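Across the two complexes that follow, chain A remains constant while its partner is chain B and subsequently chain C.
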Partner chain A sequence: MQGYYPLFTAIPLGMAFFNLLAAKINQKISDFLAFLAMASLSVMAVKMLFEAPFAYHVGGWAPPFGILLISDGLSSMLLVIINVIGLLAMIYSTKYMDSYTAKEKYYTLFLLMIAGMNGVVITGDLFNLYVFLEIASIASYALVGFGCEKNELEASFKYLILGGVASTLILFGIAFLYSLTGTLNMPDVAIELGKIGMNKGVGFVMALFIAGFGLKASSVPFHAWLPDAHPSAPAPISAMLSGVLIKALGVYSIARLMFHIFGPSALVSSIIMFLGALSMVVGVFLAVGQHDFKRMLAYHSISQMGYVTLGIGLGLNPNVSPALAALALFGGLFHMVNHAVFKSCLFLCSGAFEYRTGTRDKLKMGGLVRKMPVTSATCSIASLSISGVPPFNGFWSKLIIIFAFLKAGYTIYGVLAIFVAFMTMISFIRLQMNVLFGELPKRFEKIKEAPFLMTLPLVVLAILCLAIGIAYPFIDSVMLEAAKDTLLDQAAFLSFIAGV
Partner chain B sequence: MHELLQIIVFAGVVGIIPLFIPRKGSAAAGVIALAASIWIFFKAIRLFFGTGEVAYRIALFDLGGQIPIDFALKLTPFNSFIIIFVSLFGVLITLYSLGYLRGSDRGSIYYSFILWTIGAAFGAVLADNLLVMLIFWEMLTAILFYLVNMGGKGHEKAAAKTFTLLGFTDASMLLGIILIWVRFGTVSISRLSVMPIETTAPVTVIAFICLFAGAIAKAGGMPFHSWIPEMAKPTPASTIAFLPASLDKLLGIYLLGILTFRIFDISAGSPLSIMMMIVGAGTLLFAVLMALIQHDLKKLLSFHAVSQVGYMVLGVGSGIPIAIVGGLFHMVNHAIYKSGLFLGAGAVEKQAGSTDLGELGGLARVMPVTFVTMLITALSISGVPPFNGFVSKWLVYQGMIDGNGGYYMIFLVVAIFGSALTLASFIKVLHSIFLGRRPAKLDKVKEAGFAMQLPMIFLSILCVVFGVFARYPLEKIIGILSRSNVGIDGYSVVIAKNGGFWNPTLATGLMILGILLGLLIYAFSGIKKKLRFDENPWVGGNIMDDEEIAIPGTHFYKTVTDDLNPLLSGGLRDGDRGDYDIFNIFGRLGDQVVQFLRMMHDGILSTYLSWAVIGLGVLAFILMFKW
Partner chain C sequence: MADDKIKKMIHDSEHGMTSIVKTIVRFVIGIIFVFGVYIILYGHLTPGGGFAGGVILACGYIILTLGFGKILGLKKLSDKVASVLDTAGVLVFLIIGLAGFTGGYFFLNFMAKGEIFHLASAGTIPLMNIAIGVKVTASIFAVFIALSIFGKFVSALGESSEENRKGSNEE
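Take a look at the complex of A and B:
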């Protein structure tokens, strides 16, 4: 597999443009090619899970001067999320995007976004990280405004401005770091930083990175673009943005940089935990009051990413016992995977409901369980997952995070995490009450179940919710070990360059 | 597979089958569910009479060696006693549903949920680990949500309220469990039961209260009771007879028992014990007052379902052995008569088409079986001897008399007063439905089908059996308690010690003798000839028609809300509107927060940008100068 590693960016990048040509011949071919690209990427991503960590030197040029690609547990995990969710969103799109024009341009943007995210995850080089981040971001700006309606364009514009600010901050950070260390290769930067130690410059770089990637990950107070942008995009793109993009660009990058380049520190840990807790609470309160189906889901993304950040934050704390830090970190990462599954399922459900009923207002729907049983069942399962009801997957990851925090003595954060889980539950009870149950409005008497190509991804994701939840007790120790090995062990990361 | 695990897995797997049966074949799904529940019932009987304690333990996960969690199931005398009732109600409700749901458009999935409920209840009761218990406990909450959602008009709001209130207490249980975990290093019930767990440290007290909230919310005690009255009206009678009326009582009080006499050491007269007794007494008094003023049969019954929990919490929470026996016995009795009452209500609803007391009347002649079964169960719940409700209430009263302190007398008075009000309320029920004049539109009402009658008959027979032959279940309960932390002697010693002990069999014999004597006097004294029956009542020479002389049962206790005492009647009216409902109060509070946050998000880009810039500034300051 090692030799094929660059294909994770090459395939979607190439197909993005080739697809445009193919669409000139026949739209069906274009559909098929896009599907083929995503399918092959998913297969490769799943295979990567079983690979030992390795470093890949592009063109055989040795680091720190050549381009370095790295593969470890964290990047493999993200690759699976990006490409598998991407495949399902792609399958969903083939039917859903019929109601839009210029489907082949949509595929191009979609594949560009995938290429960017894959690039961010596999690269071992800060500047490449920035470049891929921009590719993914710019594609996503265009996708948010893809409907070209008034609201969509406004949302896209807000997203563009705040995303641009984020990119600028990140670029500044990289530039400062370059001036401090003289290199852009990640392991090399880490080694150089180890020699310099901590000073005001490094502190400023960290602030730039936390703010910049915080904007990408949309943690409060950097969250304001997300509730506009995510609902405005077409449903499969909302699923990709909430389910994948904020993780790959935001949380992954923070984790990678903080653990492997800057190293654990108590101050950064408490800042990140605070941001996580704030996102968790603010996001959930905003979500409870929402009537717009997708906007509510978007606020929940902020809130759920708060859990992930919280877990990563405690993992960064050098003062708690390593086993506990590993547990919290694992909880955070596991929740990230779970969130990708249930949140993309929910967004795709919202799309299916919108496709049939033509509205996103929860209060205008009702009783849909009678007319759209499959979509409703999957929506229900995903709702239970995100609310943390056993035996679905969300329960376990929240349990681990809550346990780690109470055990580590952060009682307030632990209690808040429980409280937010309860608030999330309320919000999804209300969602089910308004959308699935109750009286069916007269004008929906004749609607049908969503088309097969749209329900298939939903069913797959709902089964995943249940399967991960039931399988969790059996794979718990394996996953925990993997999380511990990849992130908490900085030496292993540095060996990516030492082996040259 | 281990026999304990087998039952749970069996219920879970068989529950999948109805999902594939189309809506039209839901009777087939019902038959499958019935067969499965009967099999589970026999399994439960075998476990009950089996030899001693059976345990099943498999490492679930160890959270990286932090704290190992076992998937532990353990059969103890206490939970084998509970599961036998869980599975019995499973059989009865499935059978009843076959008749009750005939012709309705509820799909086969209903039976899936019933089977999963049985499986999850087994899991929760058999669990020897609080976390495993919580997992099944939450599953039950979620399943109940979907069962309520199969109801009639207004079901979605009721279901949401149910899930919200129970979800809140499930979350508080999670907190309690993790606090125990952090402090004592284990959540295994059998390991905790041999540890001395003092209830003086704040952490332990908080953990106890968190878990207690979970127990009483499930059972339906105040202040988490309001989901039961809310869901009563729209929910199918079979569901409400199964979950809130019987299963949730068994589970909630089982957990309360586990807490009070297995895990925590709570002695009589300790602050926590008094807190529980206040909750119990308050529940039984306020709920029965609310029940008095209800006009809907199912809603009225649901307030009694809340009120009766008061006796159980009062008994179990008091820490006095005889009252604990009474509380636990009341749990069983309540499950029996209250599900019987709800099944009767369902029969009335199905046959007469309404549960509004104002629209019913005179059904005794056309629905004799329903009338007799409801009469027996109503007398049971009202605590009339010789039925089972009296025996358990009597034990609770005795416990209060045994109590060491003057305030126990207050609890005693409240308990007896509550029982009297219950009787008053059921006189209204029986009169409004079965007695009096029958409205013209109910002329064609017929008796319910056999599948519905059978469970009702069975439950009312149980009411009599458990009342007249109370010795056997009581011996069993005392046997359970003698093996726990509660100091209690064997049955015969208890009888000898307590002078006022009710000897049900003897008393019943005397009562029957008295009634026979009365009948004999009636037959031979010639009173019969002096009685006069007038066909048409008249006033001032005018013959009055049925409508004019009808005495509506709904007017019985109107004075309570109208002009009794401004404080009480005003309070009851507010209570009926939901002003004291914890669900509404916190809902309003939450709305305030939401409104504030929404006001901050004004949609203007420069506001959002300024947040990001301020955020960056603060971060930079902290990271550069606070290092």
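Take a look at the complex of A and C:
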């Protein structure tokens, strides 16, 4: 496995373009090729969980001169999230995307997005990170506008402009960091920064990174693009954007840079916790009043990502006891996995409902549990999971975060987290009342259950919701513990430069 | 004869710009192409490389299209050929990268490096420059085609949606 680590970007990149050529000869084959690429990537990603950490030197160049790829607990966890959710979204797309034209171009953009996200997660080089971030972002701009309707193009344009601003801020940050340290290799930058210590330049770089990656992660003051962009995309893409992209590009990058390059600091910790709490509260308040199914889910994404940033923020704080910081960080990472599972399930459900009923307005649906039992059951499970009902996965991660905050003396944040969980539950009970139960409108008398290829990913995700909740010690030992330890152990990260 | 047709097109005021522009374009086009190819081939020795040279070559095609009209432009490099070249360029680049696995590393420069400052040196880098040059030429010209010639389709879409808006206002 070790020698083939770069294949995580090479396979999707190669297949993206090969698919275009193959589709010129035979249109049907593009479904199969895209599935093949994603399936092999998922198998590889799951295998990576059982590898010891290592560093890969691209082109055989020793760091700090060549590009360094890093495999550790955190990147393995993200690789699993990206590729497994990606595979399920891909299976879902084969049927769902029939209603759009130019399917092979869709697959190309999808695979490019996967290549970009995998690249962001595996790289150990700052400029390389920027390049892959742009690949994933640009593919996602195009995917948001894939329907080419007026609203979709408008959302895509908004996303493009704000995403461009974010990329510029990040590039500025990288340029400043390069001028301060004279290197782009991440462990090397961290070592150099340790020699310089904290000064105004470093603080400015941190501010640029928090704003730039915050925009990508859509924390609240930077969230304006998300409620437009995520609902406008085709459903599998909404699931990828909300479930994976904002984590891989936004939260992962913040966590990696803040923990490993800049090191824990009380100031950054309080800023990130404040942003997290703000997103949590504002997101949920905006979500409650929404009628559009997908728009509501998009606002909940902002709110749920608030929990993740909150947990990571407390983990960065050097003043609380290490055990509590580790607990909060663990809760944040756990919630990141859970959010990927249930939010992509909910978005795919909304797509299945839209596929059959032709509407996204909650108030125009109703009683669908009688017509679409499988989709409704999975939607229900995912809703319970996001509302934090035991024994589903969302409950445990929220519990851990809330517990850590109350224990660490941040009572306000802890109480806010409880309050937001309550509001989330209200919002999803209303969703179930409106969509699944109640009276079935006359015009939906004849609709059928969604096709098998669309319900299969839903069922898998719903089972995952339950399984992660129940078999939590297993998930913990396989990936979460390693990811948490990776983030807290800066020395191990610095040792990558020496080569393993 | 195809040549006759093109000759006719060159002197025809229906297609493209005035004969002043056409004459100048015919004068500089060869130089532009030679310079673009030079920048690509000498990418590993002098400043420049696949991207810069590719942009110059694409500009050559764009100038042809601007000067002589879309029929001649698309005849020289049609949108379909451009899309195939675009894809093929990336794939060749990636295959060279993957070929590095024969030596154990992704993107390993596994070929003989040759003598420094000679044209045939630096192993796989000139090949990669050529692949990127082809890709950039094709894709920038494809973007130009999409925005200018096929762009009319998009602007027609915009007009129709404006009509819709007017219609909905009247309602």
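In the analysis below, the second predicted complex is superposed on the first by the 487 of 500 C-alpha atoms of A that agree within 3 Å, B and C clash if a C-alpha of one lies under 4 Å from a C-alpha of the other, contacts with A are read in each partner's own complex, and residues count from 1 in each chain.
One rule holds in what follows: a residue touches a chain if its C-beta (ideal position, glycine included) is under 8 Å from a C-beta of that chain, and two chains touch if they have at least 3 such contacts.
The structure displayed is predicted, hence computed values, not measured ones.
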| item | value |
| --- | --- |
| Fit or clash - chain C, chain B, common chain A | fit |
| First, second, both or neither for A:Leu169, with chain B first and chain C second | first |
| Touching partner for A:Val121 - first (chain B), second (chain C), both, neither | neither |
| Touching partner for A:Leu245 - first (chain B), second (chain C), both, neither | neither |
| Arrangement angle, chain B at one end, chain C at the other, chain A at the vertex (C-alpha, nearest 10°) | 150 |
| First (chain B), second (chain C), both or neither touched by A:Gly59 | second |
| Chain B versus chain C as contact partner of A:Cys465, first or second or both or neither | neither |
| Chain B versus chain C, judged by how many residues of chain A each one touches | B |
| Touched partner set for A:Ala326, first chain B, second chain C, both or neither | first |
| Minimum C-alpha spacing, chains overlaid - chain B and chain C, in Å | 18 |
| Shared contact residues on chain A - chain B and chain C | none |
| Chain A partner contacts - residues on chain C that touch it in the complex | 83-84, 87-88, 90-91, 94, 97-98, 100-101, 103-109, 161 |
| Contacting residues of chain B [partner chain A, same complex] | 60-66, 71, 134-135, 138-139, 141-142, 145-146, 149, 153, 155-157, 159-160, 163-164, 167-168, 171, 174-175, 178-179, 181-182, 590-591, 593-595, 597-598, 601, 603, 605, 607-609, 611-612, 614-616, 619-620, 622-627 |
| List of chain A residues in touch with chain C within their complex | 3-4, 6, 10, 13-14, 17-18, 20-21, 24, 56-60, 150 |
| Interfacial residue positions of chain A with respect to chain B in the complex | 157-158, 161-162, 165, 169, 198, 200, 203-204, 206-208, 210-211, 214-215, 221-222, 224-225, 227-228, 267-268, 271, 282, 285-286, 288-289, 323-324, 326-327, 330, 366, 369, 380, 384, 387, 389-391, 395, 399-400, 402-403, 406-407, 414-415, 418-419, 421-422, 425-426, 429-430, 432-434, 436-439, 472-473, 476-477, 480, 484 |
